[in-house]
Every structure is written in structure tokens, then in C-alpha cells.
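Starting off with a structure, shown below.
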């Protein structure tokens, strides 16, 4: 997977987030403050502009990132600068850590991608202190990362490993429906948070599914 | 008509106003500020207490008024002190002027009652500067006073003269429906005030009808 | 109806008990519904009394204090006070220099204050009245109730209050009050209706994307209903209406007022549009107020008030004021 | 949705342009969404920065000025600011004595301020943070996001701002901010929901006679829903919840705060009940605030905040403050 694939992934993720803007916001309305889709759509719009080499909001001249790692690092920094809320720093750190893990590699193989996912998960957990079962994006990212690692260990092909990733993320997001939130805004609902899908877990599944779909194309 | 009749009239008017509290308020909601029934009900409740010889709110010892004139004067003063709004001073002055016109008479015949009605109308118009057709209580009080005068002139019996009074007041109130308001809050509506009965005209008709009904009993 | 009250008939007295508990600088006669400055009137100072229906808070009780009103007489919700209240207040603030009544132009307010003025006159208290009538949404004509008193009331009370604090005489204080009124015009817009506690249902009904242009402060309608528009368009509508009546050039005092249920965030959006609009028409906003100053219970919407300043009016506006709702310089 | 805005995405910047136009005492970087005191920081004074999602006005921008904040960073509506904003503000108010961040305890606010603090630290600016978490409706536990920061934020900003104005050092200013937070608890009740401009429909739905007890300032729910009750009963519910956590005796500072769409009349009714309730429990309200200070757009409802005072806290509360939303002594 080369820089073009990573650019295509982020572009596709941006489109999927935009298409699911209202859906994610509605999920957040049920157990949060009704802004998750709006926040991420704003952030990914800025990411798209940044990856196209648009000039920064602060007037710095833009340049198109040249490696997969640079694509993800720029994605993360831009999300941090534009999303706000809980998901901004969390997704920002996730993409930045993943980008750093990819280093200067021009192409990324499955094991390297696995390391990047591990790094992203570690970053999210270090920052947000959520564990699995707390009903957060971790409940999509953690099982997805595990399933991806297992698929690689089992010698799966790229497409199959990415399918495992996407399916585990989606299953993880779906599993948050029956969880009671212990982190983030939804935790204030206590038992009333049960019965609703976590918006951050849902967006994580969308973003990881976008990766599978881009590579499968 | 003696003091007992006048006391019974005001008592009955108070009951009718209380029973029509929401209706009058709704009329006022359509073209005013939705308080006419509430205002008058508050005022007439205080009037009932005052006529029963209850002590004044200011601690003055109560005494039961002994003449028809005293009944109406106390009614007017109490309305001024407790109603507020436009209708408080207007009804207050109407009853006070009528009371003064009755003087110290122990019983009131038709011509004297006619003079009292004229005095009430003059008081309202002097204070409020409304003319017939402006869509106010004047549009009930003025034709009622005229019809009463005409009935007396035609030699009508008490019951018939009071029926003429009540019917003219009701017809006058109904006629305000098609008028455009030029005084009071409803005037702000301009052409949009057309199609609604004036609350003050409606309450005037209720009060004058109560007089007919009390005497007819 | 969901309201933070105990019962519809005790809402005004319960609130007055709250005002008394919250503000040691005020003395509140809860039973007779009169709010006074603690410490009583200063001998030789003109007393300023205002009042009107409740439901417009902070008007008028929130403006009792140094540099503004000496007394406020709140009536029941949206119902003018009774003469007895106004008379009590007038007596309490009379300190030998006469008393100015600031009265909003509604039949009920005018009649009740007029009766009180007569009664006070009988007691030897010199009373002058200024009738505030700044609402351009209503046609001013001899044959109607005339324009309503709205936002300019706040400006009149502040500026006349400042002059009274300088020990000007009754004639001068009444004159400056009238001057402020003459130089001020307002226009209001409602996005939603309001519900009086006693009525229990909305005074009027507005559709989901309908607004009332030229609203009064009791939910009385004004010019017409129309579809919802942007803040920019609403500012233009309001200023067009005002500019048809007074010039928008020179130094101006501008108030963007919330109707009680409007977020401050939106009032600042409106102020931005109002300020741009006035700049574009050659006016200069020398002083401003943005916030909830004369409200209609929980109504959403805004009003704009514009007053053409003079050096004297600016000086009096800037003079110290120390009331629950307006405070500076002290 | 009827709102006084031009477009959902420009509401915050349009409002900031309005703040800039209305308040010459503030300098507003509209594009980067930072509100600063005009004239810049005084050398040697600890800088106070706060911020959070917009929609809570006057919090925080209305509290920038002498004796309170040096800078506010408003995020999008109900969305915490981004680190870049906070970093800009931190740089701008840094005057050699360090900077205190006042952060409400929401994951988003905490994370974004933390990132900004790290970046500022890298630039050699000493940053301390106080996390405000006074909302008793939410259980405080190591395993959850913890209690939310609500009304105490206003008190922390006022009192820490007063101490900073006296040139106390960063450690002392941070300590007094934490002390105020530790001594304060709040509880809120919503009668209606609110609608963010971007979402366009209410964040939650409440029935016609249903209320949410323990509401947060973004419409997050708290303890449970229940039927509407009287002001007296609601005061008891709020104070029971607070009293389960801190003692209600001694000298207290009490704020009765409106959620943005509540008439002031009703807030005074609530204050009266809150004050009676506290008196009955042996507390003495030495200082109070009644009004809209930390809001949730047009939500109707209230919150009560109680802070146990000390002589020092009272002195700092009384110290002069001169901001758009809170002003006394100057």
C-alpha cells in the first residue's frame, strides 16, 4: 500500500464521514451533545484541503505529503487543530501515532500497518484512559486491531485482513449498543446510555471500513 | 331597586365574571395580552369581599355600604385598587361616577338609573377618550345606555327597560367583532383586530345582563 | 405550561421576595409590590418612579438604584400596576423636589399612573410624567392609542436618573427624559410566543418557521407575520423601520435587546449585523447595550433601539449607575 | 429551527464580531476565536485563560476583563476549543508569571487544554490547570469521566481572577481556584431542551409536563426525568443533592443561574425558595448572584451553585471586577 492508497483512504473516509454526518450527530444526540458528525465532518473537510496541499489556516504554504506516514501524521495534526471536542484530540493522536509508526516507508505492508494500528490504539488509550467495555471508540478500534493481527498471523491476504479489520470494527461498534458508558459524555447517562450505539465507535468503524473498500477497489 | 338589589347585582356580576374568566381572557389573547378575565376576576373577588364588609387590604376596618350609591362607589374604588390594566381605571371610574350620580337615594327608579348609566359612560369616555366604533367597552355601554333611555321614554316597565339595556349591550359587544380597534391594546393589530369580539365590550355586556337577571329573579 | 413558580397568583410576590433576599441595596414592600432604594430618598433630589406589568424583568425593578430609578411598581404579569401602588411609591421617594413618573404608553399604564399622579397632587407632591412611546411598529396617530413604549424606557430611566442624581430640578429631569424619548425609536421581532402564568397557554401562535415583525413587549402583534429570515435581513428590516422615523447618522446609542428567551450568542450575532447596517448608513455607534433589558417572559426574539446622542446625553449615559441590572462607574 | 443567525457554521464567528463591535474593552481575534483584554497583559501578572464550547454565554467571553479572565477561547457550539486556539491565547496573556487554565471537566475540554498546555510548555510558558467539577448530579468515580464542570466555573474565574490581579504567583492563584472548586457544588434542572444551530433539532425531547433533573450544560441528562414540580419542591431537590456532598451551614455564596431561556422573574422566584431552604438548614447566604451566567442556548431551567466561603474568598469575591457580564467596584 503506497502513498496514493493512504491518500485515497483518507479521502474516502472524509466522504463517508460527510455522508454520515447527520447519522453520527444523531447517535451523539441520543447519548451525548449532538455534535460528533458535525465535528468530524468539519475536521475531515480540513484534512482533505490539507492533503491537497492547500495553504494552512495560519497562512503557512501547503505541500502534499509524500509518504503514507506523512499522510497520516498530517491527518492527525489537522484533526487536532480543527475538530475540538473529545474526538478531535483522540482521533488526532491516533492518526499521528499511526503516522509516526509508519516512519518514512514508501509502501506499507500488513505487519507495518498492524504496528500502526497498535500505536494508534495505544495513543487513544493513553490520552483518554478508556478501556474496552467503556463504550467508546476503543470498543471498535481494539477488536479491529486484534482481528487484523490475528488475520496476519493466520497468513491472510491483504483484502481478507482488511475485511477482518473492518468487520471487527463494525461488530465492536454494534456491541457498544448494549454497553453502559463509563467514559466521555455518554457516561453521564449511566444506565440510560444502554441501548444506543457509541458515536465514536461508529465513526471508527466507518473510517476503517473505508480503508478496506479503498484497497478492495 | 334598593340596596339589596344593587348588592345582589354586583355579587351576581362577580360570579358571572368568575365563570367567564377564561372566556374573557381568551378574547383578550386574540387581540390583546390575555389578561382581561384574570384582571376582572381578581378585581371582582376583592369587590365581593369589600361589599361583605371585609377589612381593606390596607387594614382599614370594613363596613357594609348602606345605599345603592355607596355600593357602586365602593365597587369602583375597589376595582381601581385591584384590577390594574386599562379596564381597572375605566370600570372603576364608571362605577364610581354611577355611584355618585345615585347620591344618597335609598331606592333607585328607572330615570335615576338612567342618569347613573349616562354618568358612567361619560366617565369612561373622559378618561379613555374612546368613541363608539373604536372597539372598546364603550361600544357596549353607549348603545345600552341609549336603549335604556329610549325604553324609559317609551314608558317601559322595569323588567323591559333592563332587558333593552342588556340586549343592546350584548348586541353592541357582538358588533365589535367586525370593527377595527382604534383604542387600547387591540389597536396595535390594525386590520387584524377585525373578526374578534372586544373583551371589554364582552365583560360590559355580562355585567349589564347580570343586572337584568337579578331584577328579573 | 412549565414554569419555575409555585402558583400563578403568587409569581409576582414570590419573585419580589426573591428580589428582596438577593439585593440588600433594595427595600421591597412585597405585599404592596413596591421596590425602593435602601436608605430612602436624598433630600432635594427629584424622585424617579416607574412601573408597569411584570414579566419584563429586569425592567423596572432591576433598574432601581443609584443613578437610575428611586422606585419601581410591578403590576401582575403584563398588567399595569394599580394607582395605590404608584401612590405609595411616589410618597416614599418624594424628597421635596417633586417626582417624575416614567410611563410606557399603554392605556392601562397611562390611566393608572395618571390616577396616582392626581392623588399624589392632592397630597401636595409635585408630579411630572413622561410617556415613553418609541415603538415604530405602531402608527402614531391622534385617533389611536399611539406608539407603544418599549426599549427607550431603559434609556430614559438611565439618563433621567443620572440628571436627577446631579440634583437638577423636576422641570429639567422631565425635559431630558422627554428628549431621550423623542430621539429614540425601537423595533422588535418575535420568533416565539410567550405564556403568562395565569393564562397557562401561549398568548399567540407562530408557525415553525414564522416570525412576527413589529412585536410589542406583551406579545401584541405589530406589522405582519412573515417567514424566518437571516440575522442580516432582520437587522435591515428593523433599521429600515427605524430610519423611516429618525435619522441614523451622527453619534448613536444602540441597544440590541433580547426578549427573555434568546441566547446571548444570538444577540451578539444580531448586534454585529445591526452595527454593520448602521455603519453602512453613515451612523456611528458611540455607546451600546447588548443583553436582556426589557423582556417578554420566555419569548425568543430581539428588539433594536436607536437613540441620537448629544454631548449631554452621552455624559449622562456614562455617569455612574449602580442597580442590579445596570452597573458601571461605581 | 428559528434562530437569530446567518448560517449554522458562522454563528460563532458572527457572534465574536458582535462582541468585538460591542466591547471596546476587549480585543477579539475573530478568525482564531480568541477574546483578550484590550491593552494586553500586565507584566508580572498571572494570566487566566478559560474556554469551552460556545452556547454558554456570557461564559467565558463575557468574563474577560479586569479582575477576572485575561482570555477566553470559544469553541464551536457545545464543542471544546482546539489546542491551537488555547495556545494562541496562552501566548497572548503570558506576562512572565505563568498562565492558569480554568477547564471544565469534559473529556474534550480536558484533552484539548492539556495538549495546548504541553505545546505552551514547550515554548517555555509555565502553565497550571484547574479542572472544575462541581456537578453533583454525576457520580464522581475513578472509573468514569467524573463530575461535570458547571456553575462553579463562574466563581472560580471571579475569585482566581481577583487574586491574580493582586499579583499573587501562579501557585497561589491555582490553589485558590482549586479551593473554590472544592468548596462548590451545583445541581441543574431543565424544563425544555435546546437546539444547536448545526444540528437543527432539539438535543433531547421532554414531554409537556416532564423535566430533567440533574441536567448538564449541553443538555446531557443527569439523574432522571420526572414530572414538573413547584419552585419550592425543585429548590429542595437541588439543595438535597448538594447537601449530600457539602455542608450547607456557615457563610455561603449562592448562585441561582438561568439556562438561557428562563425569565428573570422565575429566577427570582427560585432564588426566594433556595434562600428559604438554605436558611432552614442553618446556612447564611452572604453573597449571591441571580441571572444568566452559564447557559445552554435557549434552554429553560436553572441551576443552583453553592460555595462555602472563607474570609479570603469573600474578600476576593468583593474585589472590583469589570467585564461585560460581571461588574462591580469600578
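Think of it as A, B, C and D in the order they're written, each chain with its own count starting at 1.
Rule of thumb we're sticking to: contacts are C-beta pairs under 8 Å (C-beta built on N, C-alpha and C of every residue); 3 or more make two chains touch, one makes a residue touch a chain.
Being a predicted model, the structure only gives us computed values, none of them experimental.
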Centroid-based (C-alpha) most distant chain relative to subunit A: B
Subunit B-subunit C separation of Cα centroids, rounded to whole Å: 32
Whole-Å gap separating subunit A and subunit B, where each centre is the average of the chain's CA atoms: 75
Rounded Å distance, subunit B centre to subunit D centre (Cα mean): 54
Distance from subunit D to subunit C - Cα centre to Cα centre, in angstrom: 29
Residues of subunit C whose C-beta touches two or more other chains: 77
Chain-level touch network, classified as line, ring, star, complete or other: line
Pairs of chains in contact (touch as defined earlier), listed by label: A-D, B-C, C-D
Subunit C - residues contacting subunit D, complex: 2-7, 11-12, 14-19, 21-22, 54-55, 57-58, 62, 77, 191-192, 208-209, 211, 228, 230-232, 234, 260-273, 275, 285, 288, 290, 292, 295, 297-298, 300-302, 327-330
Of subunit A, residues touching subunit D in the complex: 25, 29, 32-35, 38-39, 42, 57-58, 80-90, 127-128, 182-185, 187-190, 192
Residues on subunit C engaged by subunit B in the complex (per definition of touch): 31, 53, 75-84, 106-108, 111-112, 114-115, 137-139, 143-145, 148, 196, 198-199, 201, 203-204, 216, 218-222
